[in-house]
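Read the structure below first, then the notes.
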């Protein structure tokens, strides 16, 4: 072995072990600390005690997080799907294409706290949605929309040209081709992109704390109700020193949900890898 | 029937594309509108360069220079820590022959990128901050340094994945030619792949930097949040943290409220600019 | 109208590059026309211009006229035109779905309803292409699992499902082995009882074996066209002679 290569290999291998080890450290830390906190009661009960959150459970936060994530993913994926379709299949002008790409890249660059400000000033105040799960869901939708759109557009662009031409040669229009050929073909990847994006939405605290998320609220009954969310609940428990134990428990639940979403999103990749060495 | 569907489809996709394009301008205009009002009372230069933030005093002062500096400071510290590790990891992954191991590592990095920032904040508070307190005998470990360390961990997956992509391409492209010359893999990585990835490394830095500057929760939980000029081992407050902490108590339409929007506006314009830069460097 | 398809002064340019220059030719119903010539002479573009796929390219400019059954192809609705003039590609293009769904895909679009109707047409077209016996028990299997030759016959059957009158084929055998080439060639001859066929090939022997007429293209121009026997036995142009002797391309 060439001696001068030794430091380089050391560097790359240590970096890799550090990066990969990090996840296991995070998981181990949260899971170990949360031992004993996680009970059925913790998951299914409402927050209680004084200050609120020092006792009881986190069920409204779990439900709130799931619902707001659902709303965000729904709006974001509809918006992302149609704009990706437009840009790949209908936009003929190279300049417009470039500008739209730039715009979407810029939306991706807006920091989440500023989206929170926008959600507050525009959705909550101007559109009179009030501090509500709908306002939060829409704000989160803007946040994850570029993530979905960029990946979906890439997916569509990589479709073999021949397949599209074969369909066109049968006298078939774009809409039918997209619905009956592309969507079934990309169903798994589409779902996995949206799932990954919904993980980001679920973990975000900054946009929701300005637009409808509360320290204590029941499971939302309508789109206009305020709600609780796991990341914000976790932040409050820590930030105001209410209960470190319950914070660990909340972190555990949030982590588990996110890991579950990641796993779900990875299924197509895992299936594809199975045949390979 | 088919034609009607096609027309409907074109209409829908055009409408949604217009909506998504309008969204950007809507956000910019709305934040700008709420921001501009402040300049009736404070001039722009005093706002950006003012050293005192005390919007609730009898004679309110709204200078955000300490926050701007703190935002840059933590992000730079984060990049300095994260870049060497990220590039090392990217090199290793680019040259990894074992497909399964590579895909395993890539998924781990994906999961890391998806972990909520509050969880990074929680662990930062309990591990990094505690460690700094012991190590440097500080009264409080909440500091620019701890913010930088936590952010370094958070941007690491972005640096790795964006750099590894380019390195992998050039590795695949030159592998056989290089091996045919009888040089070792490590030599090739050092002499060919690494220099060749300069552009990609710059791109990944820009991306990571913009992530770091826009991050709210994790930084806010470990940085101490006092609006003073930042020092590495002292407290500081970033713009996102300032907004998140104070918007709840700022009265709608007050000077305080508008000042927070203006701070957000300044940050947003800078980050949009960075992202446009990222997009163009990526294209070249 | 005796001639099924007529090209009048057809020119095509992609950006600055002229691909076809002033092509004039006519094809009669139920005949096979083989188009030969070196790579890059515009053979594929010719086919893509006839079913207007070329117009999907951003820089394409087409002048001249193409008459299908005496009517300009621009006066026929695009969907109808492409339904009437099918195109089979060089590489087999099975859609990533089952064999049955591949064939039902276009049928459903063009308004064929009811499982019985679909089944009947699909079975007939599979039989015509000699694929029925091989796949009848596996109709729900993914089409991607078929062999290359089977995939190409499936692609042909799929084009036939929408009842075209003309079938354009772009080197349909170039990715196949000798055995499968033979099967497809026999199929093409059989299909010419019901369809007019234009086949692009760079296999001279193939043109000789199956075509009624042969046309030779060079640098976008139609150099010579004649009935196949006369074309090969007695080429008129110097370039044709050279090409047939294997001097270029």
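Details
We call the chains A, B and C, going by the order they appear; numbering starts again at 1 in every chain.
Just so it is clear, a residue touches a chain if its C-beta (ideal position, glycine included) is under 8 Å from a C-beta of that chain, and two chains touch if they have at least 3 such contacts.
For clarity, every value in this text was computed on a predicted model and none was experimentally measured.
The greatest centre-to-centre distance from subunit B, using averaged C-alpha positions, is reached by C.
With centres taken as mean CA coordinates, the chain nearest to the overall protein centre is A. Separating the CA-averaged centres of subunit A and subunit C is a span of 48 Å.
For this pair, subunit A with subunit B, the centres built from the Cα atoms lie 17 Å apart. Rounded to whole angstrom units, the spacing between the C-alpha centres of subunit B and subunit C is 54.
Each of residues 79, 109 in subunit C touches at least two other chains.
For subunit A, the set of residues that touch two or more other chains comprises 173, 176. For subunit B, the set of residues touching two or more other chains reads 2.
Residue ranges on subunit C touching subunit A, taken from their complex, read 51, 53, 56, 58, 78-83, 86-87, 89, 91, 93, 95-97, 105-106, 108-110, 155, 158-159, 162. Those residues of subunit B whose C-beta lies close enough to touch subunit A in the complex are 2-3, 5-6, 8-10, 12-17, 19-21, 23-24, 26-27, 30-31, 34, 84-89, 91-93, 99-100, 103, 105, 107-112, 114-119, 121-123, 125, 127, 153, 156-157, 160, 184, 186-187, 189-190, 210, 213-217, 221, 240, 243-244, 247-248, 252, 260-261, 264-265, 267-268, 271-272, 274-276, 278-279. By the touch criterion stated above, subunit A contacts subunit B in their complex at residues 1-2, 5, 8-9, 11-16, 18-20, 22-23, 26, 29-30, 78-83, 85-87, 89-91, 100-118, 120-122, 125-126, 142, 145, 149, 173-176, 178, 196, 199-200, 202-206, 209-210, 231-232, 234-235, 238-239, 247, 251, 254-255, 258-259, 261-262, 266, 269, 273, 276-277. Interface residues of subunit A, counted against subunit C in their complex, comprise 92, 94, 162-163, 165-173, 176, 180-181, 184-185.
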